[in-house]
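Two complexes follow with subunit A in common, the first pairing it with subunit B and the second with subunit C.
== the complex of A and B ==
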């Protein structure tokens, strides 16, 4: 049962930031509530005050502006999975959103809330890492942009300051001849392992000009795997196929997999290798389809 | 050949009587009730798996505004606070020790749930931690800590008495079932082949959509309880015992129940709310959360070792079974579940020399009790996996091996029991045909078969029913069968309608109330269509006899010349509506005919269980799976189920029961397990404990029924509900073994465990691989 709490409903980000600064750890930002309320019911999170940011206007916009997708932090998963703009520019993102949790969670859960809660067993963060996303945070002292690589600090821990609110997620639209994939695996409600891959190929669709790899869910936080990227970048697709096991090893190491109810650490590491291999095949095929 | 009876209502796919109410949210469940003056209870549960309670201090809690009463061991004087389904080993709240994480330590009643919750947090309990045993191996190890040092472990239930044999006193074993016939050791000597396998079954929970909930109200020395209970009469008896009341002073009312599966049998949380109400003399509602239901009752984890001797020609000649059932911290129905597991362990085969030893073991985990399949699920996983393992080692087609060894219709499972009442080959051949059994499977795919039987309808059951026909000719049924979602009330009403020549919309079912509803032992053991079905049919026939007599009187003719149909009495001079007959006979509309029906199994000293089974519930299953060798994921592509219905009373409900059973089976086969670490359950919730959903259904799922009129129930019906569930785990396990060449002995077959088994088999020297072809049986 949830303990009694006070509900604040600020109308502006500045007002919300002020409340956060004033009440410190006793206050939590409330958006979709799909993670927070569950944790409060289980008494894992105790707070006296919830700051409902859903009354703040324009935090749920979704628009394409100068080659960048700007997604308001309050956009629900449902909205994202149904967005035509997203389906056109970022099909991998839509595919990921379509498989977040279940339809009831997607209906109210928000992308911003998902990122800020930083539950390790989660999907969007891992994919955003390979999409070179930038997160926009606003506090009383102003507004700053955080590259997604620097956002996740650990389980349930982000780079947001005490009075900062995540307002927007900016994703550059990938150039033609590139593609991304997010493949997750799990048999419980939450994913055990998630692997994301982005590749840009040259005009002939034979050489990899850019590669980004990320792993999530298996360990404390989603991570870029620079070692794996270095192996894939600047080589031909056939060579990439030869190197994928080695890249998988690097990804498995980088994940810092832990044993828990979602699987044993060695199994998760194995899955990362398998999923990265599958992601490579899928992404290359998709890139080549575009050039054909 | 007997002419087939033409049915009008029995056999029709009639919609659920209460279906509209339920899907529109109008149906009233216990949790919906709000009584004047009602207060709310919450339970403080042990955080430790095993500890002595040094001190409980509730003073801080009592000062919480709105807190009415804190029930601790200090408040129990004056009642018989020790209770239990079979053994009296459980107390209303903990007295000397706590024995599992979740064991009720104290309870609070308050004006609202918030105050009750706040007060719970202010009860100070001092524990002295004790070493705990949390699985079978630990519990049976020599010198293991004892969950119960002393226990009055004797009980009598339904033609069986239960106790701890002298030689197990001072251990964690609380019950032993033994059975043997022939000369097992000599038969093993004579066997051409002897095979031994050990199988494991994990701890799972019922996961009814509605967690346990009840309201207890003491007014003076009369106790009324509203409860989501599957056996209100048993509950009444237990509560009467605790509070020293005559049965007539305890009244149990059962609103709709949101799922039972055995988890709402016997006594669960009702003594806590009743004890609070006994002190407060106000209605007390106790609604457990899903997490608390996980800490109230579970299925028995099991270790089943089976050794079989096979003759050169492929005949089974000897079997030895050793079964350990983990009943958790309190016996609950454990001794009975263990007895049934032991009794059912031989499977549907003719085995002349057989021996079974089944042991029920206490551990410091959530109590295990009745659960759909009642011990049969654990042993069916073992014996039907073992059947395939034998066939595989011998290079014999598992289909042929089964056909060769099946008991025939009319043969005895054990001496003194009801003979096998159907042709086991008929169902298995249907499954084999549906799977295209002989066709080779694609790479990484495999097919598996399974056939399971259980004695069913409960042992030594008693049921009564009443049917009242009102002046307008409509009828009300009073039955102790609880509608737990299985559709029993619809099917039983169809029996009434069929017997009385009424349309179904002229039949209603009264709310179950132990003050007025005739006695019934329990809604369990797939018994409602046979045991209660016969009581209901007899009650309706009693009404029919009286109605015909009244009609003969009114129409001045002989009852023999009259028949019932379409709500009218049909005679030589046309048809007369029942209403006219009744008002004619009674002289006014102040008219009613009451019919009674009773069914009782017979006791028999010759029967191993003290009473021959009502019928044999038989389930055949076939699965085709695809296994991803890289991830270990098992995908069930096809599942085909055959059940012996005898006579289908309502096809929609039968398919619902069977498919529901299959989905249930998929749960414990592939996904569900309560994970323990240091005595703590890590996943007592529906996020981390995976119950299968619609997306987990096989793409190709079908269930069909045999209807040979061979059941003891109305119109030849048998019971359903558990048969479809029994074969699932082994059918899938056998299919996985054939797809991969690797047999896994422990459920569930999670991707991680399948992957690990595949990896280990690759490391091991060339092991058992599926043969390319089967050799034929001599």
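== the complex of A and C ==
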């Protein structure tokens, strides 16, 4: 049974930030609760105050504004899975959301909650890393934007300050001729390994003008793999195919894979190499389809 | 919903919601889980606790028509909402077509997963009256059955879909 706590239902972000500042570590932000409540049931986290932020309006919006997708932190996975706007501009994101946990978790769990909980075995953070997303945090001292690369500090640890709440996830809509993919593998509820790739090709769809690679779930936090990106960027698609094993090696190293219930470290490294190769084939094919 | 305090320490919340078609009121602690309130307060034992971590689907109930894991869902959240459990599926002593189909097609053996299966399937058919195999599997993959091997469950849902031709109308 969950230990007793006091429920607080602030109506504004400012009010929520004030509660967090006043109550410190004993206060927990509650969005969908799909991860937090599990930890509370197991008594793995202390919670004297549960700050329910679902009474704050406009935190669940989803809109396209000047080429940027603005996703409210309280948007549920299910809503993102079913969004037509997202399906049009970011099909890879919809595909990722479609495969998060199960329909019950997706219906209640939020994108913002997922990111803030920073459970290493998770999907969205890895894909957001290659989509150049920015996270918007608000606290008592104001609002700031955090590039997603700087958001995850380690298992269950983020760059959010003690009184800050994640309010929004901003994703620039990728330009035509580009594509992204997120491929995961796992045999339990959560992924063992996730690999994300973004590529932009030149007008002839032959040369890679921009590449972003990320790995997640295997190690302590999702990570960009700059070494792999440098190998793929500025080369032709055929040459990229030759270099993908080397890029896979770099990604496997960058992941800092750990052995756990989801698999041994060397097994996860193997999966990363395989999944990156598949992602390359998929993304190139998708880019070329657009130019045909 | 009123947040109330008693004796400075413990907090209670008054909630009012629709449960299987009837308006109900309850006073709950914020920490109470919907599954416990349904089973212990309302004596509705059809909703099962199994994995207790939102993986297996045995505790599935519908909140405003959407499946949730009642084992990991705070009871106060149903305030003002509509909750459906397996006990609310039959109407006037007649089983719901999904219940009939599960019986007819052997969609269960031990029966422990069945209330959750049927409620998840209802949410699916309400939104998508004629789902493909793939759509059923995608929607239902979070409901685990250790007896049937799933094929009879797929058959049951298809059979119910045929009986409910105007489910969306």
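Worth pointing out:
The definition used in the following text is that the second predicted complex is superposed on the first by the 292 of 292 C-alpha atoms of A that agree within 3 Å, B and C clash if a C-alpha of one lies under 4 Å from a C-alpha of the other, contacts with A are read in each partner's own complex, and residues count from 1 in each chain.
By our rule, a contact is a pair of C-beta atoms (placed from the backbone, for glycine too) under 8 Å apart; a residue touches a chain by one contact, two chains touch by 3 or more.
Predicted, not measured: the structure shown is a model, and the values here were computed from it.
Touch criterion not met for A:230: it reaches neither subunit B nor subunit C. When the two complexes are overlaid on their common chain A, residue A:107 makes contact with subunit C while staying clear of subunit B. In the superposition on chain A, A:37 makes contact with subunit C only, while subunit B stays out of contact range. When the shared chain is aligned, subunit B and subunit C each come close enough to touch A:189. By the touch criterion defined above, A:50 reaches subunit C but does not reach subunit B. In the overlay built on the shared chain, the residue A:58 is in contact with neither subunit B nor subunit C. A count of residues in subunit A touched by subunit B and by subunit C gives the higher number to C. When the two structures are aligned on the shared chain, A:153 is found in touch with neither subunit B nor subunit C.
Contacts of A:1 after superposition on the shared chain: both subunit B and subunit C are touched.
Contacts of A:9 after superposition: subunit C is touched, whereas subunit B is not reached. Shared interface residues of subunit A (contacting subunit B in one complex, subunit C in the other): 1, 4, 38, 189.
Listing the residues of subunit A that touch subunit C in their complex gives 1-7, 9, 33-34, 37-38, 41, 50, 78, 98, 101-105, 107-108, 189. Against subunit B, the residues of subunit A that register as touching in their complex are 1, 4, 38, 185, 187-190, 261, 263-264, 267, 270-271, 274.
Subunit B contributes residues 113-114, 117, 630-631, 633, 670-671, 675, 682-683, 686-690, 750-752, 755-756 to its touches with subunit A in the complex.
Chain contact summary for the complex, subunit C toward subunit A: residues 3, 9-11, 13, 29-31, 33, 52-55, 57, 60, 66-69, 72-74, 76, 120, 123, 138-139, 141-143.
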